[in-house]
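Dropping a structure here in structure tokens format, bear with me for questions.
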Amino acid sequence: MDLVADFLSRLVTQFQSPALAFLIGGMALAAFRSQLEIPDAIYKFAVFMLLMRIGIEGGLEIRDASFAEMLLPALVTIALGCLIVLLGRFTLAYLPGVKMEDAIATAGLFGAVSASTLAAAMVILEEEDIFYEAWVPALYPFMDIPALVLAIVLANLHLAKQDGASGNGPKIWSIIKDSLRGSALSALILGLALGLLTRPEQVFEGFYDPLFRGLLSILMLIMGMEAYQRLNELRKVAHWYAVYAFAAPLTHGLIAFGLGYLLHVTTGFSPGGVVLLSVLAGSSSDISGPPTLRAAIPTANPSSYIGSSTSIGTPVAIAIGIPLYLALAQMVF
Amino acid sequence: MDLVADFLSRLVTQFQSPALAFLIGGMALAAFRSQLEIPDAIYKFAVFMLLMRIGIEGGLEIRDASFAEMLLPALVTIALGCLIVLLGRFTLAYLPGVKMEDAIATAGLFGAVSASTLAAAMVILEEEDIFYEAWVPALYPFMDIPALVLAIVLANLHLAKQDGASGNGPKIWSIIKDSLRGSALSALILGLALGLLTRPEQVFEGFYDPLFRGLLSILMLIMGMEAYQRLNELRKVAHWYAVYAFAAPLTHGLIAFGLGYLLHVTTGFSPGGVVLLSVLAGSSSDISGPPTLRAAIPTANPSSYIGSSTSIGTPVAIAIGIPLYLALAQMVF
Amino acid sequence: MDLVADFLSRLVTQFQSPALAFLIGGMALAAFRSQLEIPDAIYKFAVFMLLMRIGIEGGLEIRDASFAEMLLPALVTIALGCLIVLLGRFTLAYLPGVKMEDAIATAGLFGAVSASTLAAAMVILEEEDIFYEAWVPALYPFMDIPALVLAIVLANLHLAKQDGASGNGPKIWSIIKDSLRGSALSALILGLALGLLTRPEQVFEGFYDPLFRGLLSILMLIMGMEAYQRLNELRKVAHWYAVYAFAAPLTHGLIAFGLGYLLHVTTGFSPGGVVLLSVLAGSSSDISGPPTLRAAIPTANPSSYIGSSTSIGTPVAIAIGIPLYLALAQMVF
């Protein structure tokens, strides 16, 4: 019962931690119908700064890391991204009132990654002085892209079968290019390249890094407001989406924790790295995923996948997922 | 004559202090018809940051303060907010060429509070190492809300009497809710709640606090540009508005200074706290007040109340009010 | 051959320096058709912050500097601004396929100054611990205004001659006023005045200065994206614009280096000052120049002057110009 006690005490502590406190604060503001608005330009800039910070630090670390060390975790990350989509395809899709392409789009979004959730976990690990290999956050695209690509391919295969029309198959390479061109992955890869190839230490330490926590708190606030506002959309679709949105982040996180534990035993992957891998798997995309899916699977209903991810998936991934993996790590390692 | 000499020397010094210098710089730019524009998103973000900083610090302090210590100052603050509105209702409203509902709206705006003026005074007190109880800025809503509510109730009573139509009276609770939902009070209360209930120290010290002075300088610049641009509007209404806008901030500030002095003698309220209380009373709302009044008293002419507050009230409250209360405090305490 | 070796080694180093790295990163993003966008509000705010930082520091320094010390460099700066426009007027304008007013507008833009290019050079000098008189960046308007005014006057003279219509001559004073009112010079002059007349040290050191490098990196990114996107426009006009845009920054920079060297010998102007003077001359305006020219020479084709300046002029001025002047300074001083 140590796990339960530890988890509960972490849960209470985390409700006081800025990341979660701002998320809940945002929900409370929206519930109270506050007119507070964070300008969209600030939101976009904060997301850019977050991804640049993650990217640059990742790039700086990869420069020093051995490529071999990263190879296996990267492969596991790709596998996780695909596994999450397949899981959704073969569970959610068969529930009553759920359309196949909506289910696949939802699974794609839960397979993709949220930079803000990842950043919240990084800040908490740093606050608790738990070490992680600094290249772990740079695994982001290794989960994000395969999940989105697989979801879009599966959805198109399904639609093509339905239409009876074959040919005109999904162009995998163009989906990958579109993902990479999206603003989130562009910023992350730019940061990675700058960290890897140039000397951005000074501007990183004087600008991108110190503004990281503060801008994250603002993003959490916005996400909280969005989560509450999207609840209405979720009410319009089958209740199974709410069930999935609650269970999926924790299921995915725990599967990742298991695989991460195997990596720890075999390759010495750090406990902090295992926690971050679980957070990556448990998070669902809030920035680049929705527009990508909307463009690529136009027949899927955005209320289903954006509603479940923003209103339930993200709060669960942050408020329950992060303390759960931390408590598990405490117990296991 | 020490007071006069001290006030004048402070006035000269303050014209070199950043807060006032940026305000005057903004006026000069507008007078020169400069095309410089600070994007609206930056303005809104700066206001949000200011209020969060005031709120979080207030919340952190209230956590440690004794509730009893705050009770009397809070009651005095509420009384001041109401008194300012009543004063305007029974002076400005009877001047020639002044419509009753315009007068009440103007008095409501001068009773409400300006976060930027308050912040400018806080920075000056900190620069001069003058102590104040850190929960004093958190008295903001105790003056802001009663003033706006009373003004709206009085205006509606007047309009109802005029129409002969009774019933349909002003719904006080809905006015209070609307005030609390406005972006300014929402941000302040969010900050207070975060400071009181969570552990935002790190994000406060690393983000909200260090950016405070800089963003204030930008707000002062914008307020200076606005003050000059609104002068034209003021020319369209009765000259008595200009007289009121000049005299009211100082009158209100001096009344508050007197009441603050009584608090000092009876409860040991700090001299810095007395100065801030005077600044609160002397300031007029520039962010949340105008839209609230516009929605609640639609027949009142915005040129009268926004013009007087922005063009004359705020510059007087900052440039004359703050050094005046400081000089008084120097002499009295 | 030391010069060449030194220049090449600096060139390689600079490709790793943040300023250039972000510029190239922006080009790469645009070439890859990334959807990353930095909100316009952030761009405008970053430009404002850059100019305020340059202005305030300049003002603080001019306060302490002897006026006599600045007089000669200021005159040389004015002369350089005029010389660059005349050079363009009598070379570019006579090349095949080049319209006279387009040539004059282009020369005006290359005579005017880029705050971002200047800021990039300042950061590099500071990183290499090379001293420069801190008022040198404040020479900005002494080159910017004469160049724009002369270009507009020459273009109007040409158009008037063409039309046969005399009278209605260019109103020099109104052109100067329009330049000063533009957002770039307004911000710079506001900063200068604040630095000269007030005590902004604290807000400068706590806000404007520390955010300088970080915001510069974001501006460089945007300029890189713009440079690539404008290449298409350049393809629509005569190829001679590309030749001019490549040769002019370096020619202007080298002329300025020569004149700066004379100032060094006669008045002890610092080597770092000579480098910055060369960068001022080699840069072309990216913020305030284009709209000023568009309004004042409406018949000139913006594709010619904006295309050459943004796509070729600025990258050359930063990537080749800055290391070239540094290598020259290393050799000469």
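Read from first to last, the chains carry the letters A, B and C; within each, the first residue is number 1.
The rule is simple: a residue touches a chain if its C-beta (ideal position, glycine included) is under 8 Å from a C-beta of that chain, and two chains touch if they have at least 3 such contacts.
Going by UniProt, the chains are A, B, C = Sodium-dependent bicarbonate transport family permease.
On a predicted model such as this, the values are computed, not experimentally measured, just so you know.
Shown here, the protein chains touch in all possible pairs.
Annotation: the subunit B:subunit C pair of sequence copies touches via predominantly different residues, less than half of the used numbers being shared. Per-chain Cα centroids separate subunit B from subunit C by 43 Å.
Shown for subunit B are the residues in touch with two or more other chains, namely 39-42, 211. Looking at the complex, you find that subunit A touches subunit B at residues 15-18, 21-22, 25, 28-29, 32-42, 127, 210-211, 213-215, 217, 221. Subunit A meets subunit C in the complex at residues 39-42, 44-45, 48, 180-183, 186-187, 190, 193-194, 197-200, 202-203, 206-208, 211.
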